[in-house]
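As written, the chain order gives the labels A, B, C and D, with residue 1 at the start of each chain.
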Amino acid sequence: MTPAPAWVVRHGKLINEIRECWSSLQLGAVKTRACLFGSRLALHSIEFRAGRIAAPDLQQRIKERLRTLVMAGVSEVKNGRREMSMLRMKSPTMRILAQTILLLFWSALAGWASEANGPSSHGTNIFAPESTPAKSIADLSVFVLAITGIIFVVVFTLILYALVKFRARATDGGREPAQVYGSTQIELAWTIIPILIVVVLFLATARVIHAVQDAPEPAGAVQVTAIGHQYWWEFRYPRLGIVTANELHIPVSDPGHPTPTFLQLLSADTDHSFWVPELAGKTDLIPNHPNRMWMDPQRTGIFLGQCAQYCGVQHAKMLLHVSVDGPEDFAAWVRAQQKPAVEDAGAIAGRRVFERNACMNCHRVDGTSADGHFGPDLTHLMSRATIAAGAAENTHDNLRLWIQDPSAIKPGSLMPAMKLSDPDLDAVVSYMETLN
Amino acid sequence: MTAVTTSFPNAATEWRLPSRGKVAMAGLIIAESAIFTIFVVAYLFYLGKSIAGPTPREVLETPIFYTICLLSSSLTIHLAAKSLERDYGRLFLGLWLLTIALGGLFLYGTAQEWHRLIYERGLTISTNLFGTTYYSLVGLHAFHVTVGLIMLLVVAIFGFMGRVGVSQSDRVAVLSMYWHFVDAVWVVVFTVVYVLGR
Amino acid sequence: MASDAITVPVGQIEARPWVDELHQWLTTVDHKRLGILYMFSALLFLVIGGVEALIIRIQLMHSHNNFVSPEVFNRMFTMHGTTMIFFVAMPVLFGFANYLIPLMIGARDMAFPRLNAFSFWLSFLGGLLLYFSFLGGSGLYGAGNAPDVGWWAYAPLGARAFSPGHSSDYWTLSLLVSGFGSIGTAINIIATVLCMRCPGMKLSRMPLLAWLNLVMGGMVLIAITPLSAAQIMLLIDRYLGGHFFDTQAGGSAVLWMHFFWIFGHPEVYILVIPAFAFLSEIIPVFSRKPIFGYPVMVAATVAIGLVSTSVWAHHMFTIGMNSYANSFFAITTMAVGVPTGIKIFNWIGTMWGGKIQFKVPMLFCIGFLFQFLIAGLTGIIQSCVPFDWQLSLSYFVVAHFHYVIVGGILFAIFGAFYYWYPKMSGRMLSERLGKWHFWLFLIGFHLTFDVMHIPGLLGMPRRIYTYEPGRGWDTLNFIITIGAFIQAIAILVFVANLIISYFKGARAGNDPWDAWTLEWSISSPPPAYNFATVPTVASRRPLWDLKHPKDPDSRYE
Amino acid sequence: MATLSTTEQLGQSPRAPREIEVPASTAWPFLLALGAALLFAGLVTSASVSCLGALLAVAGSVGWFREVLPREHEEAVPVLPEDIRLITDRRVVERLPVLPDQLRAWLPVHSYPISAGVKGGLAGSVAMAVLACTYGVLKAGSVWYPINLLAAVAYRESSRLGPAQLYSFHADAFAIAFVLHGVVSIFVGLLYGAMLPMFPRRPIVLGGLIAPALWSGLLYTILGLLNPLLASRIDWLWFMASQVAFGIVAGLVVVRQPSFPTRENVSFVLRAGIEAPGTMPPRESGENH
């Protein structure tokens, strides 16, 4: 496979085009990669995401363009396969092997495509950093990968050379090779060279450790206290008097006037870990052991992440959602969050149900008797796009299902099934829907 | 081809290897030291971190007498092992019993202290972090003393039956290594709990 | 009586009723039989742990899969990790150590044959106790639960408050029990190597396998015991109401992490050093040269042993240690790479200028070299603390340590099976099936664990039972699952090879590989007493001296 | 083909005994292990299991005790005749061309003692420091300028120094730069000592040209990450010159050291370059020949 076949080159161009198209959508690079595989499933998920774009005509246009692009990709892959099979594989083993290689090649290409994806990415790729800590980590990573890559190539070649050059041959005629015991010189050499490499690596590492970890907190920084609970996140803004859950809103940081966000990390129960790969490395939330981390995203958008430290049954669905807002958007969001809960006369029945049942033991709604702290604060529930720590979208049906039977969405969640009668359930859901 | 009949030169005129009993006991002692190290580290780490009382300063009394008992038992067991090597059977038995008595006295001291702490001071293993770490560390040591005493007793019984002679002196020496270790650990535990910890 | 028995050829066992046979195995104190028992129990648990791995992989095959519930998934990865480390890797390595060390140093048995039996049974019963949790987990018979707190059971998840019932107790107790067994075996190995060598077998003439296992034994003594101590503390917490790891009463979750990894990191070296030992025996024989730089190999092993006791916190770079602690553990971790690199280079030096024969044992060793190289480099990558803030707890780490344990240690173990099976059974393993096994496993391995690095780079955390679609993880996970199944097929080929060759394999003779260490100087399988007369050696390769009487090694050492 | 018997070859005495005592099989260790396991299992099942376990453990201990005391219980196993073949088809062993009379070898045949590398490294470090300081005086007017720059590799405070402070003396920066320079120089000197015998004809080319070029090239690519301060102010010409000075001086010093043959496995003291009389015991010819 030394010279890349023509179809691979063509396909590469196609990838670029798809990527650009997606940049305009500001959706994840991961989609691009999904397209690469030409899978129908990916197409569905693209359509699903595109469905969430506001303007219908734009949506339609993008959809169409993507569809043609993806279809072109699929046919490219098919053509490619045909080309490959024309290489006249002699045995099925060889064919399987070739396909395996092809598959690996694709995944490598895919990894590269998403790595190179640059400014439009909102996925969880650690090579698409959007904030200073993540960027300095990515820079260091490239450096370390280069050094280890060189070591790999050198040693790999040495082994391969030894295997080929010194293989036993039929012409050896039962002779033993010369018996060499060792060589102090060369052993000294391959002790010292690694030591020097280690020194270089260490100096580079220590520099970045210090830069990220010991960064001083500027006066204008936004302070957030993030508290890990079993399977959801609580965010408190002590200076702004805001309490919210699961979806962290932070301001974008202009390099000219940096407004970084400093997080104080606490845990209410077990260990968790805060990880939004494109904004910063992960830091654990450990009971009795407050931690600190910071980020200064330089682009607006929604960044994904999730709990990285195993914390119990539903560790998988403890998703994180960081919304980086422009200065005005952030100020507006802060104002909205600081308001007390909306009192809607139409939903008074639902509010009664809420206050009569166990809901109020765990949840808090500002201005009512509900003042629990075990579950998320619901005062501005409707301002959040998802419920159950990102496990489901915040829609009427999902809310209803969640209250009725949480395990249908998130088995093992600590929210109990409320077993409400249908009218009560409807009333509570419509009450929830007023809490914006 | 012909049969080759060269044999090795006599490489080892004198081939001496360490005693496996002593090597094994040394291994066990290393392993036990690691266990004790972890407990000591936990004790030191949690010093002064208890949320509620009582604190070590309030309740602990330094067991000087019992410490002297335990440490001097190291001497007696050493002399006992030496006298067995030289085949002084009666002297061995006497010193051996003295060792048991001293060890027993130490254990009694620990029991008495625990009794006082539990019933007079209300400090149990679940009271606070100090209680947890204190009873664990001292208890772990007391457990080792107990195991040692049981083994010493077994030897004593066999001694009375006249079955412990010079031929067993290696085994007795290995046992005495264990007892020395238990004593040495007490020095550490004592320093940590009664000196540094207060 | 003696004259009757003397006519019975070695290796042929009289037909006995199976109860007799079983009694023989239960009461044996023979190091060879115990070694085989260790390997059998390891293979049994390997299959069980493998099935758990497959369940994990099926569940993760695509997003939002519902093959198993999250509870079951969590039990599976906990049990898979615990089983593979404590009841597969350690027993099989102890088994080889048990079987080979006395044969290689010219001893008739281990230093303490009965302690040996005791240690094996403790370890094995510990494993049974762990698996009994499936039946008796919550303390209520018939409604059991296996542990589900992960193989490191971080506090406070392992405390009563978050893990009610008895499932975590099973984990604690079984590791405690088998840990005592491991300590017994380690003491035995050390005493055997130091005190049972045949005349002339100075420390500087010992086969490297004996040397490396000596270091391994020493590491077990200082690494397994902190785990046992921590388990005792956890039991005190769970049964007596102690507060060691009770964060509500001021206890520290971080202390548990430290205690666990003070054990956990050296554990990796406890597993990999015997694997190094296999390579150091197999590569010279199939390269037809002595090991390159014997003293340096010993020194490097000891150095690894020493340095590896001060690197544990590199598993904890994300817990918020201060920058000095992070830097310290970064440099010590990188430093381990130096002696490890020396070993890899010395194996290359051994092959350099040799006449390499590509028999199956050697194939597995070559696989080890390549994969361990990559594993080492990804290890260096993760020792760069900031990079590790991204990689830690992600699938990249999962790929990395499977690269070490499967790509490294397991490959070495397979090589050892192919190399020493003739000695143990008197029959050769089939080369043809062996090559199938090797290539299938190699392909499956790379398909699984090469690809597994990528989801880690794309932000996929470990230990999640499901994931959202559209994160770009689906296809990769699908490929990983396919690879896992190919590996499973390869293991089946291996087991089939073990069984078929036992009955139909070619007769091995005492020295099928034209090797140089003492175990090949006695019949296969060896008689109960190993050596009719205790041998005397004058060099590191006593059989070379015998085979080349005009040019013995002893003249040069 | 010859068939050899191990009894003749490996043993001191050609006569093997007819019977050999091996430790007797015993069930007590198993019983003790079972007891101990049950003792613990009782914690998660019921107290009665623990009681049974304790009982078994005591029985096992007593049984085991009686098994080994006063004498270990052994049983005699008859010695079986073995058919042992210890021969090789590969009877010819190739020789290294450099050592036709030797079967085993340590390579290279001649080598410098380790101390030669250390000496070379120290000499080179002085040469390099002199050149670097000359540069400091000539270009920046201060000896301390290059030292402060070097210290910034590892020292946070130095990297924060303002332009004016860079030219004055800082004791801490000096200490760090001194140690750093010394340690790295010794290591590189060692490397030269190790590598030079492998390129026997042109030691100076390696030390004076190839190695500095490689080293500078490597540093050029990574300096920005390693030492941003130095990277922003470096004068590559002078930098290369100092590297070459180091290489040539170190190479010359190493080459001028006496080398010794590695044919015999030389003792550590000799390799370390300690040549006091009596440090090398004469080889015991009786043992190995």
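Assume a residue touches a chain if its C-beta (ideal position, glycine included) is under 8 Å from a C-beta of that chain, and two chains touch if they have at least 3 such contacts.
In this text the structure is predicted, and so the values were computed from the model without any measurement.
Trainee: Tell me the fewest steps from subunit A to subunit D, where a step is a jump to a chain it touches.
Mentor: 1
Trainee: Of the chain pairs C-D and B-C, which one is connected by the greater count of C-beta contacts?
Mentor: Higher contact count goes to C-D.
Trainee: Can you compute the centre-to-centre distance for subunit C and subunit D, using the mean CA position of each chain? Integer Å is fine.
Mentor: Centres of subunit C and subunit D (C-alpha means) sit 25 Å apart.
Trainee: Using Cα averages as centroids, what's the distance between subunit A and subunit C in whole Å?
Mentor: So the centroids are 34 Å from each other.
Trainee: As a quick test, compute the distance in whole Å between the mean CA positions of subunit A and subunit B.
Mentor: Here subunit A and subunit B have centroids separated by 54 Å.
Trainee: In subunit B, what residues contact two or more other chains?
Mentor: Expected reply: 4, 8, 10-11.
Trainee: Going by the touch rule set out above, which residues of subunit A reach two or more other chains?
Mentor: Residue numbers touching two or more other chains: 140, 175-183, 186, 195, 204, 206, 210.
Trainee: Hey, what residues on subunit C touch two or more of the other chains?
Mentor: Within subunit C, residues 199, 250-252, 288, 290, 536-538, 546, 554, 556 contact more than one other chain.
Trainee: For a test of understanding, state which residues of subunit D touch subunit C in their complex under the given definition.
Mentor: 4, 6-7, 9-13, 16-20, 22-30, 32-34, 36-37, 40-41, 43-45, 64, 67-68, 76-91, 93, 103-104, 265, 288-289
Trainee: Could you pull out which subunit C residues touch subunit B in their complex?
Mentor: 111-112, 183, 186-188, 190-192, 194-197, 199-200, 217-218, 221-226, 228-230, 232-233, 236-237, 240-244, 249-252, 255, 259, 262, 536-538, 545-546, 549, 554
Trainee: For a test of understanding, state which residues of subunit B touch subunit C in their complex under the given definition.
Mentor: 4, 6, 8-12, 15, 17-20, 23-24, 27-28, 30-32, 34-35, 37-39, 42, 45-46, 49-51, 125-126, 128-129, 132-133, 136, 140
Trainee: What residues on subunit A touch subunit D, complex-wise?
Mentor: Against subunit D, subunit A makes touches at 139-140, 143, 174-186, 188-189, 192-193, 195-196, 199-200, 203-204, 206-207, 210.
Trainee: For subunit C, which residues count as touching subunit D in their complex?
Mentor: 2, 5-6, 8-10, 24, 26-30, 106, 108-109, 113-115, 117-118, 120-122, 125-126, 128-129, 132-133, 136, 139, 166, 169-170, 173, 176-177, 180-181, 199, 235, 239, 288, 290, 509-511, 514, 518, 520-523, 527-529, 531-538, 542-543, 546-548, 551, 553-557
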